[in-house]
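Shown below is the structure under consideration.
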Amino acid sequence: MTSVSIQNLDLNFGAVNVLKQLNLSIEEGEFLVLLGASGCGKSTLLNCIAGLLDVSDGQIFINGKNVTWAEPSDRGIGMVFQSYALYPQMTVKGNLSFGLKNARLPKPEIEERVARAAEILQIEPLLHRKPGALSGGQRQRVAIGRALVRDVDVFLFDEPLSNLDAKLRAELRVEIKRLHQKLGNTMIYVTHDQVEAMTLADRIAIMRDGLVQQLAGPDEIYNRPANKYVADFIGSPAMNFFQGRSTSAGKIAIGKLEFDLAGYNFVNGPTDGDVWFGYRPEHVVLGEAARQMPLTVEAVAEIVEPMGSDTLIWTKIEGYDFRIRTDGQYKVAAGDPLLVGIDPRFASIFDKTTEERV
Amino acid sequence: MTSVSIQNLDLNFGAVNVLKQLNLSIEEGEFLVLLGASGCGKSTLLNCIAGLLDVSDGQIFINGKNVTWAEPSDRGIGMVFQSYALYPQMTVKGNLSFGLKNARLPKPEIEERVARAAEILQIEPLLHRKPGALSGGQRQRVAIGRALVRDVDVFLFDEPLSNLDAKLRAELRVEIKRLHQKLGNTMIYVTHDQVEAMTLADRIAIMRDGLVQQLAGPDEIYNRPANKYVADFIGSPAMNFFQGRSTSAGKIAIGKLEFDLAGYNFVNGPTDGDVWFGYRPEHVVLGEAARQMPLTVEAVAEIVEPMGSDTLIWTKIEGYDFRIRTDGQYKVAAGDPLLVGIDPRFASIFDKTTEERV
Amino acid sequence: TELEVTHWWTSGGEAAAVAEFAKALNEKTDHTWVDGAIAGSGGTARPIIISRILGGDPMGATQLNHGRQAEELVEAGLMLDLTDIAEEENWRDLVHPVSLLDSCTVDGRVYCVPVNIHSWQWLWLSNKAFADAGVDVPSDWFEFVEAGPALGEAGKIPLAMGQQGWQVSGAFGVINIAVGGPELWQKINVDKDAEAAASPEMLKVFDAFAQARLLSQGSNVQDWNQATNMVITDQAGGQIMGDWAQGEFQVAGEVAGEDYTCLPGLGVNEVISTGGDAFYFPKNDDPEITAAQKELASLLLSKEVQVAFNLKKGSLPVRGDVDLEAANDCMRKGLQILADGNILVSGDQVLTPDTTSQVEDLLAEFWSDNSMTPEMAQERYANIIANAD
Amino acid sequence: MANNMNETTAGVVTGPSGPKPRPILSPRNIMIYGTILVVCFYYALPLYVMIVTSLKGMPEIRLGNIFSPPVEITFQPWVKAWAEACTGLDCTGLSKGFWNSVKILIPSATLSILIASINGYALANWKFKGSEVFFTILIFGAFVPYQVVIYPIVIILRELGLFGKLPGLVLVHVIFGMPILTLLFRNYFTSLPEELFKAARVDGAGFWGIYFRIMVPMSLPIFVVALILQVTGIWNDFLFGVIYTKPENYPMTVQLNNIVNSVQGVKEYNVNMAATMLTGIVPLIIYFASGKLFVRGIAAGAVKG
Amino acid sequence: MAGATKPVRILRNLNAKIAALPMITTALVIFVGCTIWTIVHSFTNSRLLPKLEFVGFAQYERLWSTRRWLISIENLAYFGIGSLVFSLVIGFLLAALLDQKIRFENTVRTIILYPFALSFIVTGLVWQWILNPEFGIQHIVRSLGFENFVFDPLYNPDIVIFGVLIAGLWQGTGFIMVILLSGLRGIDGEIWKASRIDGIPKWKTYLFVVIPMMRPTFVTALVIITAGIIKVYDLVVAQTNGGPGIASEVPAKYVYDSMFRSQNLGQGFAASTMMLLSVLIVLIPWAYLEFGGRKNGK
C-alpha cells in the first residue's frame, strides 16, 4: 500500500520555482532516502510533506488521505531535524511529552508512551536531564524519540546526522537502521551523504534542481545510474569519464583505444553515436590480472594516496584524468608503471547529448 | 636538516594546560600531518609555531633559528586557515600582495611574485575579483597563494579543506599534494580527516590532549598503531576490539575462542597478560577462503550496509560487536550466516592496562 | 570688555527690567552686557551659576538672592571684594534699609550689590473677577476667604497658585506673617525656635494655609506668571505673590486700583520683608574684567538705573533717596510701609538653602496632597526648624 | 481542518489541491492588523500632535482640541521657535542652540567613535594582562549613575581648565560614550573571524595596519550603529549640557527647555511644539535615513554579545 | 635576529596598550577614582564646597529620614517595576506581533522605534502637553460628551509617576522591541517547525519554548532598562519637574537638587552613593551569572 504519495507538486518561493511538478510515491514501511546536492530542494520537499510549507500546486496524500491542507500535527508524521530542535529549557521527558500533553492525552498514556520510546532508544537514564547536558548523539536520539512517542505513520528526517562527527555518525546510522527494522514505519530521510544514502535506503531518490533524477534501489543507482549526473554524483572517488564513439556493432572508440562492449547491459541495444564512457575507480583491475580484461591499458601512477584500507592512484589515460581505487595492501609509488584492466560489464555508458544511459 | 624543531613546549590558557612538554622535530621538505580529535591542541600547536600564541614554556626553532619570541611575520612561515581568512575588501591581488607591501618590497618584485603564485595556482583570471565573488575552492587557492608569495620555508595549514564539500575536498587534496611535490617546502598540516592525513602525509603525528601519541609514516600508523587510542582513532569503520588473554607461548584466548598468534609481529615477544585484540574490518576474510585462516568463526550478519564500492556487515563475535568491510560485489543480506576468517598477522594487540602495543 | 551676566529673569516684566541694566551698561560705559538668562526659577538657575563659579569659568556678574546662598562662595574666596567702592560711594548711607547691605557683608567686607527690594507680602486681586461673582473686592485675607465660594460659583478659581515649591512656600511665609504675626515669624525663622513652630498659634497659620489650598483647587499652572496671568485674565480671584507680579500687570497694560487691587501683608499685618535680588561678582584673573565688574557694581546702584529698573520690575529701589514719581498705586503702598519701617528680613537671609528647600519640599507636598492635615505638616515643619542651623 | 481530509484514492485529483486558501480577512489577520493599527496609532500620536499643534495659531489652540488638524496653517511658530523665541533678553530662538549642538556633536561623535573602536579592537584582538579588568570596570561604568560622578568631573574639568568650554563637554561625552560603544565594538570585532587577524599578523601587519587596513573596512555596520547612537545620544543630552557648559554654548535641548520654561504671559504651545520638533529633527532624520541598518547593527552588536 | 631572548613584558603589545590608554584612564580616573571620591565625601558635611570634615553616617541618617528621598525611592520603585514589566511585556508582544510575517513590517517598526531617537526632554514636553487636562486627552474625551471623565495623571500626586511612566514607555519600548525581535529572529527556525509538528499552539510555543530560549536577549534588555531607570532624570524634569508637590521626585533629581539647589553636597553624595549601591545590587548578581556562570558551565 502506498504510504506517502506526492502528485504534481509545485513549490515556489516568490518567483523561484524550487519543486517542479514532482511526483513520488512511497510504499508503506519503505525507507526512502532523498539524496542530492545542496540547494536541490530536499528540505523543501520534506517540509511540504510535513505541512510546514504551503504547496503552490499539486497534492499530497498520506495513508490515502489527502493532507494537502492539513495542519502538520494532523498528518500523522514525525520529523527529526538537523539541529535536533529540542526545547532547551525542558528535560528530555518534557521534550518527549510536550506534544502529547498538548493533545490532552491522559497522563498514564503519556507516561507509557514516553517510557516505551525511552526504552527503544535507550535514553531512560537521561530522562531528567536537559538537552544542554546531552552529547550530540544523545540529543539526536531524543529528537527521534519525540517523533516516536507520537505514534506516527511516517518519519521524516532532515539530515539528522550531519552535525555529528564521523564516528558518531556511523554509529547512529546503524541505530536508525535498526530502528527501522524494528518499527517498520515509512521513513523519508534527507541527506547529502552518499554513505548514509547507500547504507540506509530501500530506495534512493536522487534529486537535482527540484526534479527527481532517478528513483531506485541503492544497488541499481550505484551500478546502473540512469544518467551521467547520477553516475557522477554517486561514488567516491567519482566515476572516471571518457568521451567516445559507440557503434551499433557494440564497439566503442576512445581516442586511440578501441574495444568491444561485450557483456555491457544496454538499455535499448547498441547504437551509433557520441557517448560518455564511465568507469568506477574501484572496478579497475591492476597488475597481471589486468591482462585477462577486455581492455588493458598501460599507464603511469602520478599520485598515490594510501588511505590505509585502500589506496587511490591518480593516472592519465588518453589524456583523461583517471582514478583507480585499489586494496590498501597494493604497493605502488608515484611514477610506477601500471597495467590497468577495464571490464565493460561494470561500465556505464551515456548518450553525449541527452546524458541518459544507453 | 631539521626545518622546524619544538622543544618542551608548554602552553596554558589560564589554568588549562593545553600543550604539555611537547617535542617535535620536522625535517626539511617533509609533509607532516597533525591528526587528532577536536580540542586536542592541534590548532594551538600550529599557532605557537606561527607565533600567534605566546608559549608558556619551551622553545621553537625554525631553520635553526630560535624564533620563540619572534613576530609571526619574521619567522619565515606562511599559514593557510580553515575559513580561508581572505581580506574581504581587497581583491585577490590585494590579498596576495598585502604581506609583501607590509614588508616594503619594491613594486616590480611584488608584481613578479604575485604573478608567479597566480600562475602556479592557476588563479590569474581571478586576480581582480574580490573574495566574495570566488568559489570555495578558488578561495582556498588564494589563501595558499598568500603563503606562496611570501617565499617562506614552512607552510602551516590549519584544516584548510574542512569547509569544502567532499568532492572539492578530494580535488584540492590532490592539488596540495602536487604543490608539495613541486615546491618541496616543509609543510605542517592540521586535520581531523583521516583520509587527508593518510593520503598527504610523509609522517603523521597523532595528538591527544596536548600530547603526541605516535609519530610515524601513514603506513605504520595504520598497520602498527602504537597504542589502542591510535588504533581506534585511525580507520573507518573503526577497528574491532576483543578483550583476551595472551600467553607467553604466543597464544591468545578470547572468550571460548583460542588460537595461535603465529605471524604476529610482537614488539617485545609474547608475554602473559590481559590484552586487547584489535582487528580491522577490512582485513576480515569471508566465505570459503576463511577456512584457510588461522582463526575461523561462524557468525550471523545483523545489519548489512551496502555502500556501492564496499559493503559493511555488522555482526557479533563472542558478544563483541564486530564490523566487517568487504567488497561491494559481495552479496549478503541481514540474517545470513557468515564464515569469518581472521589472520593474526594483520591484528594489533595492546596491553590491557597500559594500552600500549605489545 | 564683554561682561556676561547671568540671572533668571525671564518672564515678560523681568526681562524688560533687566534690559534696563543692559542698556545702562552698554550706553554709559564702554563695556557690553552679554545676557546669560537661565530659564526656570532660581532653583534651576542657581545650580548652574554655582557650578560655573566652582568650575572655574566664572561669569562677569550674576544675580543671586543675597543672604546665605552665597555665603560659602564668599568664604571660599570666589567672590570679588567690593568694599573699596562701597566705601568710596558710601553705600552704607545710600542703601535703605541698611539690612540689605548687611546681607552682602561678610566679616565686614562687602561682596554684593543689592539692586531692589522684593517683598512677598502681597495679595493681588482681580477686580473684575469679584465683580463677576457679585461680591466686593475684599480688603483683607479673611474677606477673601469668605468670598471664595462666590467666586467658585461664578466659575472662577478663588486663588491662583503655581505648582512650584518656592511659590507655595513663599505664600506660606506671607500667611505666616499675616495670620501669625511678625513676632512669631521672627521666632521661628530667625531664632529657629522649634517650640514656636509647634505652637498652637502656628497651627492657625497652617489651618489658614490649608484653607488657601482649598481655595486653589483647579489651579494647575506651573509658573508663577501663568498664575498671575489667571488673575490678569480674570479667571482667578487672586494670587499671593511677591511684588514682581506687578511687572506682569504692567506688561499686560492693567492699571492698579482699576483693574486690579493689591493688598500688602494680605491686608492684615502691613509688614513687608525686605528680601531682594543682589548681584555678585565672581573673582576673575583678568584685571580688565575686574575693572568692568566694579563699574557695573556702582552702576547698578546709581539713581537712574535704580529708578528705571524698579519701575519695570515692580519692586522697590534700594536707595532711600530716589523719587518714584512714576510709581503706581501699589508701589506707593510699598514705599509707604518701607518708610514706616514695618520691615522684616527675608527668609533667604536667615535660612540656609538647605533648610529652605526642605521647607519648600514639605509645603509643596502639603499643597499637592489634600490628605495631609495641618497637624501633620506642622509636626514636620517644627522638625525641620529644630534641625536648621 | 478535519473536513479537508477527504478520503481519496491516490492518483485522482480530488479534494484539496494547491495552496491552502487563506482569506485576507481571517480572524487572525483582523486581530493582528487591528492590533498593529492601534499600536501605530499610539506611537505616532505624539508626533502628530506635535506637528499639528506647531502649525496652529494660539487662538485655535485655546479653542480646539489638540488632535484636530489646523484650520489655518501657519508657519509663524516655527519661525519664532527657530529665530525669535526669547530666553531672557536673548531672542535668537533655537538657532544658536542648533549650531552649538552641531559644534558639540561633530567632535564628540567623531572622537568617541574613534576612541571606542580602537579600544574595542584592542580588547578583542590584542588582549594584554589586565585588559579584561579595565574593560569590566568600564562596563560597570556604563551603569554608574551619572550623579555619582558629576561633581568630581566638575573638579577635574576645572583643573584641566576646560570647564564651560566646548572641549570640556566633548571630553565628557567621549567619557560617557565610551563604555557602551567599547562594548559594542568589542563584541563586533570579536565576532569577526579571528583567523583574519591572524592572517594579517602573519602577513606582517602591525597594530595600526590591521586596524586601518583590515578591521575598519569590514566594520561599516557597527560604525553606523555607533554613529547613530552617538548622534542621538549627544544631540539629546540635557544633563551634561546644563552642567558643563555656559549659556553661550548651550546645546539645543537646554535651550529648548529654557524657551519652554520662559513663559511670557501665556504658554505658547505652538511655539513650544515647533521648538520641540526642531530639536528632534536631527536625530529623527538620522534615524529615518538609516532605518534598517540601525536595527541590523543593534542585532549584531547588542544581542550577540 | 630578534626573538632569541624573551622581550620585556610591558613592551609586548605596546601599541595595544597605548591605544587602550584612554580606556584605562577613563576606567581608573572616572569610574573608579570619581566614584571613590564621591563615596568618601558622602561621609562629610560638605555644603556648597567639598570639604573633608567627616560626620560619619549623619548624611545617610538624614537621607533616610527625609520624606522627599523616601518618595523618590518609592517612585523609582514604581517607575522601575513598571518600566521593567511593561517594557518587557509590551516589547515582547510587539516583537512577536512583528514576527508574524506581516506586511509593512519596516514601516511599523519604524513607527514604533522613532521615539527612541527623541530626547527625554522632547518626550516629556510632548506628553506633558498630551496629558494636560485642559487641552489633552481629558479635554477631548470630555468634549465627546463624557463630562466626568478624569484623566490628569500629571496633576494627581497619587498617580503622577504613572504619567511619567507612560511617556517613558513610549520612548523606550521600541528599542526593547528591536532587541527582542532580533533575539526572536535568532531562534532556530527548526524549533518552530518542531513545535508545529507537535501540534503546539503558537502562544504556547512562545511561552514555554521561545521565551525560555531567549534568556540572554532578555538579560540584555533587562540590563539596558535597569541602567536607564536609575538614570531617569531628564524626563521628570521636562514633564513634571518633580511635581505636583514632590510627588514625582526621583533619586537622580534628589541628588542634583541636593548638590546644587540645597547646596548640601554631602547629602547629594550620600544619595548618589545609595544609587550606586542599588545599581550594584542589580548588577553584581547579573555579572556573576553572566560571566562567572559562563566560565564554569561553558
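When the chains are written out, they are named A, B, C, D and E in that same order, and each has its own residue count from 1.
Here is the rule we use: a contact is a pair of C-beta atoms (placed from the backbone, for glycine too) under 8 Å apart; a residue touches a chain by one contact, two chains touch by 3 or more.
The chain list, named the UniProt way, goes like this: A, B = Iron(3+)-hydroxamate import ATP-binding protein FhuC; D = Putative ABC transporter permease protein ORF1; E = Putative ABC transporter permease protein AmyD.
All figures in this text were calculated on a predicted structure; none of them were measured in a lab.
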Given subunit A and subunit D, the chains that contact each of them: B, E
Centroid-based (C-alpha) most distant chain relative to subunit A: C
Chain pair whose interface holds the most contacting C-beta pairs: D-E
Euclidean distance of C-alpha centroids - subunit B vs subunit E, Å: 54
Approximate Å spacing (C-alpha centroids) for the pair subunit B, subunit D: 53
Centroid distance [mean C-alpha coordinates] between subunit E and subunit C, Å: 39
Multi-chain contact residues (two or more partners), subunit C: 47-48, 51, 54
Overlap residues in subunit E, where contacts from two or more other chains coincide: 12, 256, 259
Touching two or more other chains - residues of subunit B: 71, 74
Subunit D to subunit A touching residues, read off their complex: 1-2, 4-11, 13-20
In the complex with subunit C, residue positions of subunit D that touch it: 86-90, 154, 157-158, 161, 163-165, 242-244, 246-248, 257-267
Complex contact set, residues of subunit B against subunit A: 38, 165-167, 170, 173-174, 177-178, 181, 194-195, 198-200, 218-219, 222, 234-238, 280, 282, 303, 305-309, 312, 314, 325, 328, 334
Residues on subunit E engaged by subunit D in the complex (per definition of touch): 9, 12-13, 15-17, 19-20, 22-24, 26-35, 37-38, 50, 94, 97, 100, 102, 106, 108-123, 125-127, 129-130, 135-136, 139-140, 143, 170, 174, 178-179, 181-183, 185-186, 216-217, 220, 223, 226-227, 230-231, 233-234, 237-238, 251-252, 255-256, 259, 265, 268-269, 271-273, 275-276, 279, 283, 287
Of all residues in subunit A, those that touch subunit E in their complex: 47, 50-52, 71-74, 77-79, 81-90, 98-99, 102-103, 146, 150
